[in-house]
Amino acid sequence: MQIDRNTRVICQGMTGTAGSFHTRLMKEYGTKIVAGVTPGKGGTFHEGIPVYDTVLEAAKKTDAEASVIFVPAPFAPDAIMEAVEAGLRLVVCITEGIPVHDMVRVKRYLAERNAYLIGPNCPGITVPGQAKIGIMPGYIHTPGIVGVVSRSGTLTYEVVWQLTQRGIGQSTCIGIGGDPILGMSFVDVLRLFEEDSETHAIILIGEIGGVMEEEAASYIRSAVKKPVISFIAGRNAPRGKRMGHAGAIIEGGMGTWQSKAEALKEAGVHVIDNPAEVGVKVWTLFRETGLIKV
Amino acid sequence: MQIDRNTRVICQGMTGTAGSFHTRLMKEYGTKIVAGVTPGKGGTFHEGIPVYDTVLEAAKKTDAEASVIFVPAPFAPDAIMEAVEAGLRLVVCITEGIPVHDMVRVKRYLAERNAYLIGPNCPGITVPGQAKIGIMPGYIHTPGIVGVVSRSGTLTYEVVWQLTQRGIGQSTCIGIGGDPILGMSFVDVLRLFEEDSETHAIILIGEIGGVMEEEAASYIRSAVKKPVISFIAGRNAPRGKRMGHAGAIIEGGMGTWQSKAEALKEAGVHVIDNPAEVGVKVWTLFRETGLIKV
Amino acid sequence: MRLYEHQAREILQGYVTCIPKSSTIFKPEEAEEAFLKLGQPRAVIKAQVLTGGRGKAGGVKIVNSPAEAKDFAKRLLGSRLVTPQTTPEGEEVKALLFQEVISIQRELYLAFLIDRQRACSLLVGCGEGGVEIEELARKAPEKVLKDPWDSLQGLLPFQARRTAYFMGLSGSYLKEAASLILGLSRAFIEKELTLLEINPLAVTSEGSLSILDVKANFDDNAFFRHQEMVAIRPRAEESLEALASSFGLSYVGLEGNIGCLVNGAGLAMATNDIIRVCGGKPANFLDVGGDASTERVTQAFSILLRDPRLRAVLVNIFGGITRCDTIAKAILEVLKDTPLRIPMILRMEGTNALEARKMLEGSGLPFRFSREMKEATLLAIEAAEIKE
Amino acid sequence: MRLYEHQAREILQGYVTCIPKSSTIFKPEEAEEAFLKLGQPRAVIKAQVLTGGRGKAGGVKIVNSPAEAKDFAKRLLGSRLVTPQTTPEGEEVKALLFQEVISIQRELYLAFLIDRQRACSLLVGCGEGGVEIEELARKAPEKVLKDPWDSLQGLLPFQARRTAYFMGLSGSYLKEAASLILGLSRAFIEKELTLLEINPLAVTSEGSLSILDVKANFDDNAFFRHQEMVAIRPRAEESLEALASSFGLSYVGLEGNIGCLVNGAGLAMATNDIIRVCGGKPANFLDVGGDASTERVTQAFSILLRDPRLRAVLVNIFGGITRCDTIAKAILEVLKDTPLRIPMILRMEGTNALEARKMLEGSGLPFRFSREMKEATLLAIEAAEIKE
């Protein structure tokens, strides 16, 4: 999954408010937005970019490889499947509020096809200095050696901004999204980072709930050689009122901050407590391990 | 797919009328029927055979490898999926009258799993002298070198009986069933016959409608070295009243007797005109090619 | 089961919106009211038959007044419409559809059917509709989109849009067509149709889409889930075919004089084939099916014997799941009430064939037996010729 | 949205049959009639709360007369039920369920939920039910069947039978349970639930199955397809949480004194975390979400400022799809009507942060700004302490 300034990207839902605004920001950052897709508006232009009725048509005419989706939640699952079916190899779905049963169906669809989905309900992917496909503020990034992966949106910006302010650049930043059912998981991104020659260290931003951090820990232990630093949000979150026993039966003690932090620590990950100190801790650590030379 | 006197077979719907009757006949032929499955009757015995509530349980307890299904059409699709899910490698579905949309779902299910389905609406499979899993009359068979595959039920018996009466034995007889959507196709069976060292010649009994014979012809041309003899029923069938154009658009001239016969002839298949003369024609042909020595 | 146009429209009502206003009449007296109910200066009246080519055969007419409507209805209802696709006797017109007249700007084609090879549903779309569609599909196949889809996922909205786009629709038409196609796909799945064809689908001069004609087939195997289809199933008294179908039998009348009763569609076709090959003429195709009960076979025999043209009967049974003794019992049952006036040649083999033969021989009735298909066929042909 | 037991029962009515007779009351005056309507010598009355442990907390009682029923209803309705799972203030009882008394022979457990890892539906079944189920699942996991299934195919009948069999049911129970499980699976999918738990499912002394308690969660993202769920959505006036939720905001009241307004759940949690780490106490969790409109943020602020315990407000916004200027506009909007009586610390970064700062600085209101999360937090803690 190589993203750079030459990657040709279409935008589904480009003619909406958020689609328009972020298409402009993506273009400003340097991303090659080659087409928009809005059914019924094919043949028109928006922000100087041609609009097509279908993704298939847009992809054919512009040779696009990736899509970013801003269409409203009721139509977003269809938009994802349309993009994948049209042969796009990367689909980034920004839309939040997609029903979980819909995402189950989408995942079933993806399982039989060959494409990366980032999201939904995610900030997207940024390769600093090259391209951003999504809604991350551009200026917070600077090129470098750290791969950032996160379940959160704004918390990712916070962490990336702390890094940039301390002169620590990023190779790639991926927000995988905050929903229960997601396209790429932590493990999928860790695999890419481990293989990526630009990435020398990894920051993983997790949250309480689910078992994705525990899965990541077990993957890191077995397959990741690069140093990993992590912050898990929600240590002090109120324990939500529980509803029935099913969740507890299934997760079997996992999902809590303690479970995640312990699993990651056991896998050799540096788990940071204070979200305001991620930047400085990473800087200190990099000094110690020689990843930053002064 | 090796079937012989040691193959352990369970019968779904064994406690019904047809299930009981044919279980008795299969046992008489020598087939090892090790269990029956009827939900709610688990723990009982029928015809001296233990009955279980679920296929999983039956398969576990008896180490069965195959199942034959006699359950009524509304429940047969579920019975097929249950058998496949329980790990049986061969499922023979005798039941006729399964709705076509149900079979579409079953095929979708099978596509992701590893099992052979014969049928539905089929007579099953017989390996003469070893075992029969299905409803073919036992006495019409005799062991030998001809593989018989057919879309028809009773027409298969007719042909097999003609062969047996002329002393031409069969290696395996498979009735793949007469429904629009089937488990194994002609091509699937031809592949097995081509690989099977017991089979030296193949008889293919087709019918008008669909394009399965045309597919078989194209497969034979490319991959079958053994001699193939064929009869296609329905040369003189009244051309059914047509309903709309869709069928014609899709089949594009295929599906007729002429189309099938020509395709098979072009693939080097001997196409026989008179259904009463299959036996004698095969005999003559085998004499000429040395498959029968006098 | 093939549905009449008016039945198919009825079924689509819950799924799509662009069906022209219409009503159906069964008696000429209802014609004037039906015309007035449409509330328009003109109406198109269409004969309800299960065959194509009715337009050219005079089964469709635009009328301009209640009187003209009544006139046409009187002439058509109860008459037999002969089209290139019917037998020379034609098909009786039992109902007429009155529909508002749509002014057509462009004709499109849409169909749903089962793709046997891929075992999935298939959507077919074309930017040109009408009766020449087959010709077009042959000459310019690239103009016809055949889109396989997964019944489990259902047709996806983007597939519907893609097809609409392929058909040359854009702007508001694109959305309207996509929602129409989605609605049809749901009807296709939920009503368990094996064919659903809209031809033509019209782009009207008023700027919307309109379903001008519908053809639909319902899967006979799915009656157990569809009481609404059972309700419109042809009644047994309407024809021998319908009577047979009501007992789960497959009966097709032909033009010969040898009545055939066979188990299994393949063997039944092969039996018809061999009669032809040997120089005879079958009077029918009759498959009693697998798993035939005595009652079902009894019905099959009594349907068969109702045909006055018969000169001989050929029974060709190879027992499998159907037991020959079941057939024998049914024959004896029928012949208790109906004396046998023509020769009956019996060929039985397979499951319980010996038992069956014993039962029949013991009855003292004048059956002729053969153990070979060809011999039995020749006996039947000979018998039919003598009798004639 | 968590459903009350009586709402969940209502929803299951169309899918399964073995729900005991019941009725729901909202006022003590309705208690006698509800008791009599059941037509039985006894009734079990259950407090309708969205929390577990109500039995031990006195929220469930068997009563033997209309008078006793009324008595209990008077005492419970309007009171606050405190269980180990609620806050110390407890949860107000607004409704009571009256149900026939079932004599239980055996308790079973059934649940449906979403399997996040496998991205599919999950059926959980156990031959032992009741409140000890978690303990059992931990100690003897082999006694709990977790069966993933495909939402597209739907739960297959054999899977339902297999689970019923695993739960130790046989004979007629096996079939009854299988049909119950299938019905529940359909409700789970069609009603877009994220949890559906039957605990206990009883085998009754009369020899049938009975759903004694139901817990269900509805997916808030699916309201657009479910008018029937919109109808039972908690009204905005019921609580700050409900009010927030009606504007698409996520609000959870906590016990501290620093009001937080953050965009994004992760950053909101991290903000609460850092307040704790630095020695302060957050008064709430408030996520305005992505794509926040001015109106939504305005509502967020006015909900936040209603809390009388606040000593300081910390706004932590990192703009992405939410634009900082949108937030600024909303703050100014709210403060036009509501004077700001406590310190407000603003930390804004990201999309249009500069524009936002300019707008706020230009207002002349006493905001304190910080560009760093930690600094902003310390300012807020300091402010809260001074004020106290």
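Here the chain labels run A, B, C and D in written order, and each chain numbers its own residues starting at 1.
One rule holds in what follows: a contact is a pair of C-beta atoms (placed from the backbone, for glycine too) under 8 Å apart; a residue touches a chain by one contact, two chains touch by 3 or more.
If you're wondering where the values come from, they're calculated on a predicted model, not measured in any experiment.
**Student:** Determine the shortest chain-contact distance, in steps, between subunit A and subunit B.
**Tutor:** Contact-graph shortest path, subunit A to subunit B, evaluates to 2.
**Student:** So which chain is the furthest away from subunit B, centre to centre on CA atoms?
**Tutor:** Farthest from subunit B by mean C-alpha position: D.
**Student:** Hey, how far is the Cα centre of subunit C from the one of subunit D, in Å?
**Tutor:** Taking the mean C-alpha position of each chain, the two centres sit 55 Å apart.
**Student:** Using CA atom averages as chain centres, what separation in Å is found between subunit A and subunit D?
**Tutor:** 28
**Student:** Which residues of subunit B are in contact with two or more other chains?
**Tutor:** Touching at least two other chains: 105, 108.
**Student:** Two-or-more-chain contact residues of subunit C, please, as numbers and ranges.
**Tutor:** Within subunit C, residues 152-153 contact more than one other chain.
**Student:** Graph shape for the chains shown, where an edge means the two chains touch. Line, ring, star, complete, or other?
**Tutor:** Graph shape here is other: it fits none of the named patterns.
**Student:** Which chain pairs here would you call touching?
**Tutor:** A-C, A-D, B-C, B-D, C-D
**Student:** Which bits of subunit D are touching subunit B when the two form their complex?
**Tutor:** 153, 156-159, 161-162, 165, 170-172, 174-175, 178
**Student:** Under the stated contact criterion, what part of subunit C meets subunit B in this complex?
**Tutor:** Residues in contact with subunit B: 2, 50-52, 85-86, 109, 111-117, 119-122, 124, 133-134, 137-138, 141, 144, 146, 150-152, 189, 192, 194-195, 197, 199, 215, 217, 219, 221-222, 224-225, 252, 254, 262-267, 269-274, 276-277, 282, 285, 289-291, 317-323, 349-351, 372-374, 377.
**Student:** In their shared complex, at which residues does subunit B touch subunit C?
**Tutor:** 18, 21-22, 25, 73-74, 94, 96-101, 103-105, 107-108, 121, 123, 135-137, 140, 150-158, 161, 178, 180-181, 205, 207-208, 210-212, 215, 231, 233-238, 240-250, 252-253, 273-277
**Student:** Can you check the complex and tell me which residues of subunit B touch subunit D?
**Tutor:** Within the complex, subunit B touches subunit D at residues 39-40, 42-43, 53-57, 75, 78-79, 81-82, 85, 105, 108-109.
**Student:** Would you mind writing out the residues of subunit C in touch with subunit D in their complex?
**Tutor:** 152-153
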